[in-house]
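Dropping the structures in below, format is structure tokens.
Each of the two complexes below includes subunit A, the first together with subunit B, the second together with subunit C.
Coming up: the complex of A and B.
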């Protein structure tokens, strides 16, 4: 009887260990950010125990302090422009690289891929030197340009993966049945790659919004949200206003990822297993 | 005869022109952007790295920027610290990622997709927010120290938690874990689970199964993870700047200080080029290894 119990315990042990491992990792990944959110409501100007009571004043201050709000708005603006431009450029290049034959195609594909391996720090420094040599003053525009260069190859990677997944014979069939090039793109290709496009757009936006190194080196006096947080933390101790602004951003990002998942699931439903498809789209994006 | 061949020839020529025009239409804009804002800045940086600085009073091309960086004792120490921190963070992540990927791929059942979604979310959270959150926890007056003091476990706050190599390793490990887990998970998903049964039937214990069956099959995933994570770990600059202090000073900080603090664009450019070279060599090796392993299967 005891032997049976021990055997059962041994059989269940991997299960317990797996749960413990997953819980531990989730606590380490999300615990700090949850604490950060919690202390954005603490009625004390220093971030430490004991708990001094609930307040919303740090949120009011973050909103009223021009810098925090401007930084977030700057980030949103740059990310919106970069994501849109990346989708256009990335889809063009993905189509060209996967569907057309031309001399130097391998080289072009390699160039797009190599951008993804170059660290952003080096891209940022190169951008800074490049613009200062040209005598172009640094601003959100230079940030946007340099971010575009590293972000649209990501769209190329995601959309190419989507294009490679479905067979060209469907496109040929559409043309043979008398569809025009535009009709074929609209009715055959677009529905197939819609999930990839959605994932690519969302990741392009997130990449731009989260990008620190490039914004830091090529932004001059214009601050994006990560650059603002960095400069505050370089100058002073931890501040509850940063907690408040960070909490809002983190919450928005949780909603964005969840919303993206639902949207991609819906777009890829016709393909059958919507959930799996959606998650694999999100993963190709997450993995660069 | 002639009149029949004429339109045919024209059609051919027309097709050839279109087959040249279409790639041009699709590729010219992306390639122009890459040329102008990726290749050109890299080239300018290389040229600047090969020139005398304005302050030196000399002009023309030189290798002194490179030899200055390579010969400097301090930078050698910084490089060593960087290797230590990046390698420690990489090893910790791999030790966590292999079992995690295994759980996700084979044990999680209906939790698989929600958990993956959590990993994507962890990756998408703003890195600066994450660094700040850790700083808040680890500081001298931070939450961990104040909680430990409150319950009387320690009498003095532990200073080494923040502004140390330890802090940088913790922050970096949590920042890139998603990139380490997902390629390994993808490699595991492709494994036929009958392999495990076969190994067990043939009398292999879990360690033998892991070493002889699982590890060779997930090796390409591990190389992809190395490619995605090890290079950014080497060049990370925000984490060491905010939680590293002097002990956790890394190469990324050195580049930043050269370029923005001392205004030595030439030195910063030389250092960036050296880091790029190292990253390139590493990328080629990891890429080759991943490819070779895939071919072997």
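Coming up: the complex of A and C.
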């Protein structure tokens, strides 16, 4: 009997160990964020124990801080424009890279990929130098333009992956059955790469919204949300307000991405493939 | 042949250095089941794509139902293609897939529905219209691809190795099925395959291609019984190739004398070629046999004997060093031989097929 128990324990060990590992990773990844969220309800301007009691006051202050609201609105505006622009341009580029044959195609694809590994700090500084050399005054436009530099290759990467999986003969079949190029794209290609487009759009938006380095160096008087957070963090009494605002923003993003994941899964099923691709697509965007 | 449906007039197509299709001329009749057969890279698929319009010829003309369509885009050509991987649209139901071409041509909804239902009946997929392609078996997907193309009533249906992805049993079923559908609809079928059995089973005529040229164009029986080149003889069925040094010519026959009264006899192609290359089909050769007549008689040693169910296959090495494959029916008369045995092989002179000669007209020189 004892031997049997030992054998059973041995058999279960990998399962138990993997659960433990997942818990550990979750704690390391999300522990600090959860701590901040917790302290945003603490009735004290110092972020540390002891617990001084539950309050919603920091949320009220954040809500009433005009600067915070402006910053969030700025970020939303920039992110919406950047996501749309990079989605359109990136999809066109991905189409060209995967469907057309031209000299230097490999080089072009490599260049797109390489931008993804350049630190955002360097891109931000480069943008600052670029705009000041040209004598362009810094504004939300310059922020958006420089963010486009990193979100565009992201879209190219995600949409290319979708297009590569897509079988070319379907395009020929559509043409063969009488479709024009536009009809082929609309009825055959777009419905099937919709999950990739959705994932690309969401992450272009999130990258733009969350970006600090580029926004900081190429921004003017109007601040984006991360830049605003940085600017008021210098006074410690503002900490809980930042905490509260960040918690709301983080929660909103988590919900948005979760909702998008569900939507992409549905799109993928409609497209005839399983939901696994949706996950891989989300991971591509989440690497940063 | 009545008015040809498809005409290729001295068509060539190169990709860089490679000449995929080299000065090919073909006429395909209306309602014909026409196959292009050859190994991969022989130019058969490129030829099909030239007809479909996915490739443009460098030179030459493509005619469809009497009209020059060389420069017409594939969407405006009245031919439809069945792709090797079927290329079904996975995000559409079976019915939506089949209806796709009709929708683009703005056929009225009711009429389109009717034609889709009719076509699904022809391919025996009634009641599966609402399924997704992912929910179908390989054979069923194949039928959807056929229906999607045929519903447009094309002047010709182009099929690019459509059975390649199916297992052997299903492939045999689908061969008969394709032939049935072709007869039912009366559509011209142009069929590309590398499988000789498939081509022989279904086709009215077959173009055997190799190196971008048509080696021989004939009906299946002629290809098998009278191959014009060594390549055709080797590609269609098993071929036993023998180099024949002509010792003397006897009237209509070329004779190679060997020791002990043994000899190989073939119909003389004319001319004075000192050497001929002949082939003999395995089932035409008899083991033992007492052909004292005008036929070939040759001794050899059994190298291998394999039981194949209805047939026995015997490999015999003959005096010239060449090996011949012999097929015998496993009936009561089958010879009982074993490896190592000395046997005499015989066959009638008309079964020596000349596929090449040193100065013969059959030789296809290419620069």
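Methods note: the second predicted complex is superposed on the first by the 261 of 288 C-alpha atoms of A that agree within 3 Å, B and C clash if a C-alpha of one lies under 4 Å from a C-alpha of the other, contacts with A are read in each partner's own complex, and residues count from 1 in each chain.
Rule of thumb we're sticking to: contacts are C-beta pairs under 8 Å (C-beta built on N, C-alpha and C of every residue); 3 or more make two chains touch, one makes a residue touch a chain.
Values in this document were obtained by computation on a predicted structure and should not be read as measured data.
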Most subunit A residues touched (candidates subunit B, subunit C): B
Which superposed partner A:178 touches (first subunit B, second subunit C, both, neither): second
Which of subunit B and subunit C A:127 touches, first, second, both or neither: first
Touched partner set for A:39, first subunit B, second subunit C, both or neither: first
Contacts of A:192 with subunit B and subunit C, given as first, second, both or neither: second
First, second, both or neither for A:109, with subunit B first and subunit C second: neither
First (subunit B), second (subunit C), both or neither touched by A:22: first
Which of subunit B and subunit C A:263 touches, first, second, both or neither: neither
First, second, both or neither for A:148, with subunit B first and subunit C second: first
Interface residues, subunit A side, partner subunit B - complex: 14-15, 18, 21-22, 25-26, 28-30, 32-33, 35-36, 39, 46-50, 89-90, 92-93, 95-97, 100-102, 105, 108, 111-112, 115, 117-123, 125-130, 132-133, 145-146, 148-149, 152-153, 156, 206, 209-210, 212-213, 217, 225-226, 229-230, 233-234, 237-238, 242-243, 246, 249-250, 253-254, 256-258, 261, 275-276, 279, 282-283, 285-288
Residues of subunit C touching subunit A in the complex: 52, 54, 73-76, 80-81, 83-85, 87-91, 100-101, 104-105, 132-134, 148-149, 152
Partner subunit C, residues of subunit A touching it in the complex: 167, 169-170, 172-180, 183, 187-188, 191-192, 270-273
Subunit A-facing residues of subunit B, complex: 19-20, 22-23, 26-27, 29-31, 33-34, 37-42, 44-45, 48, 96, 99-100, 103, 107-108, 113, 115-137, 139, 141-143, 146-147, 150, 174, 177-179, 182-183, 186, 224, 227-228, 231-232, 234-238, 241-242, 252, 255-256, 259-260, 265, 268-269, 272, 275-276, 279-280, 283
